[in-house]
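See the structures that follow.
Here chain A shows up in two complexes: once beside chain B, once beside chain C.
== the complex of A and B ==
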C-alpha cells in the first residue's frame, strides 16, 4: 500500500514537473534578425547605408551581450542573417521567403526603398510576420487591413513633402509667390509627392496657380528643353522632384543654360551635399531650397548615440569612406534603436505584440531621425518630417545650409528672390 | 515507343519534379521563380531557337501580361483564371503592334525590340494613366493573393509550354520555322509562307510570356512597373536557354536548373565569385559548346531531346 502511495506521489510530482516545464518560456540562445541589402544595381546607393547603419547597431548590441528582450527578461545576442538581392525584385522575393521559411528568423526587416519592399509585403502577410520597413515609403503599402507592416525610418510619401506645400501655401503669398511649376520623375516616390503638392496648392485657396505640371521618366538626364519650357511658364517657384541623378542633371543643365528661377526646390542636395558639391559644383547649389534630413538636423535622440557620436562610430567601423554617411545611414541605425525599444517593452515575441510595442512608442520616442510617430491603423510613419532648408554662399567658394521652414526650427533668414 | 510519346514522358519529368519539390522544400517562392524562368526560357526557345530572332525586349510581353492580369482584376472585376486569358490577350496585342519589327533582322531586331519593351514600360508607368494602370504608384492585388493555386497554375503553364516545344520539334510547322531560321529565301522558294509562320511563332512566344507574366502578378500580388518590365527577365531567360541548348525540349530547362541554381547557391552569398563562375561558364560554352549543354550530352552518347 505504502509502495502504491509513493508511486502515486511520484506520478503526480512528475506530471506537475512536466506541466511546469511546458508552461515555462524557452529562452533562445540568439535572436535571428533577417534582412536583405542590394550591393549592386539601381537601389545600392539607398540600400547599403541603411544596411550598414543597422549592422552597426547589431554589432554594438552584441558587444553589450545582446539586446534586452522583456519577454525573456534578459539580454540575448543577435544573429543578423542578411542576403544580397542585387536590386533584383524576383531574387528579393525568394530571399524574403528564404529568411522566413528556411532561416526561420524572429524579426524580418525589409530592404530599403519601395520597390524592394513591395515584394516582401504579401510574403510577410502570408506567413504572419511583421515586416519592419526601414524606408519603403510607398503609400499603397499602408492600409488598415494590413497589420503586418510598420514604417520606421522616414515619413510615408504623402507626408514626406508636407513642409514643401505648407511653405508654398503659408509663406508663398507673403513672398509674392503666385505661380508654381512642378516637374517630377514618374516613379512612386516623386509622383506621389507631386500629386500631394498639387492637391494641397489647389485646396489652399491662396490664389496660387500651378502653371507648369510635368512628369518625366525617371531615366531622364537631359533637362535643357524642359528648363526652357518651365521658364516660358514664368513661375515664381519651381519644385523639381526626382532621384539624385535627376536632381544633379537638372541643376547642371540649369547652370549651363544660364536660366535662373526666383525660388527653386530639389530634394537631394541636402541629403547628399558632398556628392552634389562635386557633381553640380558649389555655385550650382547657391540659393537652392532642399530637404533637411536627419543627417544634418542633429535631433536630440532620447537614447542611443548623438549624431556626432554616430558619425564618429560610423567612420571608425567603416573607414576610408567606403560607404558614405548620409540620411540613410541614420535610417538604418534608427531602425535598430526602435527595434531595441520595442523588444524591451513587448510582452511577448508574437509578431503582432511586437507591432503593438512599436506603435506604442509613437509620439513618445525622439530619435536621431526626429519624432517617431506611427499611424496605429496603417503602420505608416507620420512623424520624422523633413524641414526645408536653403543653401547659401559661405566665404570663398563655400556653402552653408540654413533651415527656413517650419519657422520654429528656422536657423536663418531665407533669400528670396534668388539673386 | 513513338518519338513524340517519349518526348512527352521526358518533358513531364521537370513538371513532376517542380510539383513534388514543395513537399520537401518550403521556400515556394524560390521554386516558383524556377518555374517562371523555365517557362520564359521555353518562350525564348520558341522565337529565338526556332526562328533565329533574338528578342531582348521579351520582358515587354511579360510586363504586358502582368498588367493585363492586374487591370482585369482591378477594373473588370474578373477572377484570376479569366484574367490570365486577358494577360495572354494583352501580350498578343503588343506582339501584333510590334510585328513590323520583323522588317529588321539580327542585332537591329534585338535592339529595336529592346527599345519597344522599354517604351511599353514608360507608357504603363506614365502618371497620366493612373486611372488605368496606377502609373508609377504600383499595383496591389491582395484580394486574389493565393500562392498555392497560382503555383499550381504555373505548373500547368510549364507543362503546356513543354508540349508546345514538343509540337514544334515534331511537326511540319516547327520544321518550317527552322528552315526559315537557316535560310529564309530558300524556305520561301520551297513553298514556306515565311511571313505568316514567323508571325505565328512570334505570337506563340508572346502568349507564353504574357501568361507567365499574369501568373507572376497573381503570385506576388504587389508590384511596380519596374518589377515586371525588368530587363533581367529577358537577359536571364536568353542566357538560360542558350546555355541549355536552343531548339531542344529539355535544353532550356537544364539551363535554368544549372544557372539559376548556381545563381541561388553562390550568386547571392558571394556575388563576386558568382560573376566569375558565370562568366567562365558562358565563355566556355560559347567557345567550345555553342549548341548548349544538351549537345555536350549528345557527344557523350546520352540522348537528351
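== the complex of A and C ==
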C-alpha cells in the first residue's frame, strides 16, 4: 500500500514537472526580422528610403537592448536579415522563400511598392506568415479571405486617392471644372487609383466628364505625344498618376512642350519635393496639385520620434544624401514603430496573434505618419490619409506648399486656373 | 494629331539612331555584341550631370568632352577584354555573356557611386524653349538630340567612306580573315571602332536627362534592349540601317503611345520578333559582311 502511495506521488510530481517545463516558453536570443530591399533597378528610389528608415528603427531598438516582447516579458535584440532583390520580382520571390524556409525569420516585411509586394503575398500565405507590408498599397492585396497581410505605412490605393476625387466632385463644380483627363501608369498602385477616381466622378452626378482616360506602362519616360493627346481633349483638370520617374518625365515634358493645364495633379512632387526641384526644376512645379504626405504635414507623434527629430536622426545616421529623406523614409520608420507597439502587446509570437495586435492599434496609435487605422477584415490601411496641396511660387526662385483640401486642413487659398 | 505624332516620331527616332549607332558600329567591325552599351550611355549621362552640377558645363560642350573622354577610356578596355574573346571559338556568343556581366558590374558600381535616386539636368541648361515646327510645339531637347544624331551619322559616314582607317574598317567588316591576311592591323581597327562606339553611346547619354526626364544607374538595360531593336530592325552592321531602324522605332512608339498607350512597352520586343521572322537581315536587307 505504501509502495502504491509513493508511486502515485512520484507519478503526480512527474506530471507537474513536465507540465511546468512545457509551460515555460523558451526565450530566443534574438528576434529575426526578414526583409528585402532593392539597391538597384526601377524600385530602388522607393525601396531604399523605406529600408533605411526600418534600419534606423532597428539600430535604435538594439541600442536600447532590443525590442520589448510581451510574450517573453523582456527586451530581445533584433537581427535584421535583409537581401537585395534588385527590383526583380523573380529574385524577390526566391528571396522571400529563403527568408521563411532557410532563415526562419520571426517577422516578414515586404519590399516597398506594390510590384515587389505582389510576389511576397502568395508565399507568405502558403507558409502562414504574416506579411508586414510597409507601402505596397495596391487594393487587390487586401481581401477578407487573406489574413496574412497588413498594410502599415500608407493608405490603400482606394483610400489614397480619396481626397483627389472628393476635391474634383466637391470643389470642381465651384471652380468650373467640367472635363477631366486621367493618365495613369498600369500597375496596382496607380491603376486602382484611376479606377476609383473614374467611378467616383461618374457616380457624383455633377456633370463632370472624363474626357481622356489612358493607361501607360510604368516604364514610360516620354510623354510629349501623350501630353499633346490630352491637350486635344481640352480638359479643365488633368490627373497624372505614376511613380516618381513617371511624374518627373511628365512634368519635364509638359514644360518643354510649352503646354499648360488649368489644374494639374501629380502625386510625387509633394512626397519628394527636394528631388523634384532638382530634376524638374522649380518653375516646372508651379501651381501643380500634389499629395501632402507625412513628411510634410508634421503630424503630432504620440509614439516615436516627431518629424523634425526623425529627420535629424536620419541626417546623422545617413550623411551624404545618397539615399534621400522623403515620405518613404517615414514609412520605413513607422513600420518599425508599429511592430514595436504590436510586439509589446501581442499575447504570443503566433503570426495571427501578431496581426491581431497590429489591428488592435487601429485608431489608437498616432505616429509621425498620422493616425494608424487598419480595416480588421482586410488588413488594409485606412488611416494616414493624403491631403491635397498646391505648389505655389515663393520669392524669386522658390516654392511653397499649401494644403488646399480637405478644407478643415487648408493652409492657404488655391490658385485656379493656373496662370 | 497625326502630323504631330509622325513628326514627334521622326525626332524621337533620330535620337534613338544616335543611341544605336555606336552599338551597330561595334557589332559591324568588331563582331561582338556590347550588352553594356546602355550602361556606357548611362555613364555618359551621369558625366554630363556632374559636369553641369559641379562646373555648370553646358551640355553642348559636355557632348564633345564626354565623347572624347569615353573614347579614350574605351581604348584600353578593348585591349583588356576583346582580344581574349576573339581567341575563343565563338566570340560573338561569349561577348554576350561577358558584356552582360560587365553591364551588371557597371550598374552595381554606379549605384554605389551615385546612389539610387533619379537625377536630371534642368531644361534651362539648353537655353531654349519649346521649338515650333509646322505650327506645333516640340521640346527643344528632341530637336537638339536629332541634330546631334544627324551630325554623328555624318561623322560615321565620313569616317567609313572618306578616311583610310574607315576603308580598313570596312575591309574588316567585309571579311575579317582576308583583312588579316592582307596585313591590316585588325586589332587596331577594331579598337578604334570600339572606342568610337563607346564614345557615341556616352555622347547620346548627355541628352538622356532631357529626353527621358531623369537618369539613374538602372537605366542601361532598357536602353540596350531598345538599341538592339533599332539596329536589328535597320540592319546589323550598317550605320544607315541604324537611322532607318531608329526612325521606324520612333514613329511606331509615338503611334503606340497615341492610340494604344498601355501596350507601348511591348513595342521593342514585338518589333524584334517580327523583323527576325519576316526579314532577319533587317529593313535594308544588307548582310553584315558587306558594308
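Throughout what follows, the second predicted complex is superposed on the first by the 403 of 419 C-alpha atoms of A that agree within 3 Å, B and C clash if a C-alpha of one lies under 4 Å from a C-alpha of the other, contacts with A are read in each partner's own complex, and residues count from 1 in each chain.
Note that a contact is a pair of C-beta atoms (placed from the backbone, for glycine too) under 8 Å apart; a residue touches a chain by one contact, two chains touch by 3 or more.
If you're wondering where the values come from, they're calculated on a predicted model, not measured in any experiment.
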{"item": "Chain C versus chain B on the shared chain A, clash or fit after superposition", "value": "clash"}
{"item": "Contacts of A:249 with chain B and chain C, given as first, second, both or neither", "value": "second"}
{"item": "Partner chain in contact with A:75 - chain B first, chain C second, else both or neither", "value": "neither"}
{"item": "Touching partner for A:98 - first (chain B), second (chain C), both, neither", "value": "first"}
{"item": "Touching partner for A:262 - first (chain B), second (chain C), both, neither", "value": "neither"}
{"item": "First, second, both or neither for A:127, with chain B first and chain C second", "value": "neither"}
{"item": "Partner chain in contact with A:224 - chain B first, chain C second, else both or neither", "value": "second"}
{"item": "Partner chain(s) touched by A:115 [first = chain B, second = chain C, both, neither]", "value": "first"}
{"item": "Which superposed partner A:39 touches (first chain B, second chain C, both, neither)", "value": "both"}
{"item": "First, second, both or neither for A:186, with chain B first and chain C second", "value": "both"}
{"item": "Location of chain B clashes with chain C - one stretch out of 78-86, 114-122, 186-194 or 294-302", "value": "114-122"}
{"item": "Where chain A meets both chain C and chain B, residue numbers", "value": "39-40, 186, 215, 217"}
{"item": "For the chain A and chain C complex, residues of the former touching the latter", "value": "38-42, 44-45, 47-48, 87, 186, 214-217, 219-222, 224-226, 228-229, 232, 244-245, 248-253, 255-259, 275, 278-281, 284, 321-324"}
{"item": "List of chain C residues in touch with chain A within their complex", "value": "1, 4-5, 8-9, 12, 107-108, 111, 114-120, 122-124, 129-130, 136-142, 210-214, 216-218, 222, 253-254, 257-258, 261-265"}
{"item": "Residue ranges of chain A touching chain B (in the complex, touch as defined)", "value": "39-40, 83-86, 88-91, 93-98, 101-102, 114-115, 118-119, 121-123, 125-126, 138-141, 145-146, 186-188, 191-192, 194-195, 215, 217-218"}
{"item": "Touch list for chain B against partner chain A, complex", "value": "26-30, 32-33, 36, 122, 125-128, 135-138, 140, 142, 145, 147, 220-224, 226-227, 230, 232-233, 263-264, 267-269, 271"}
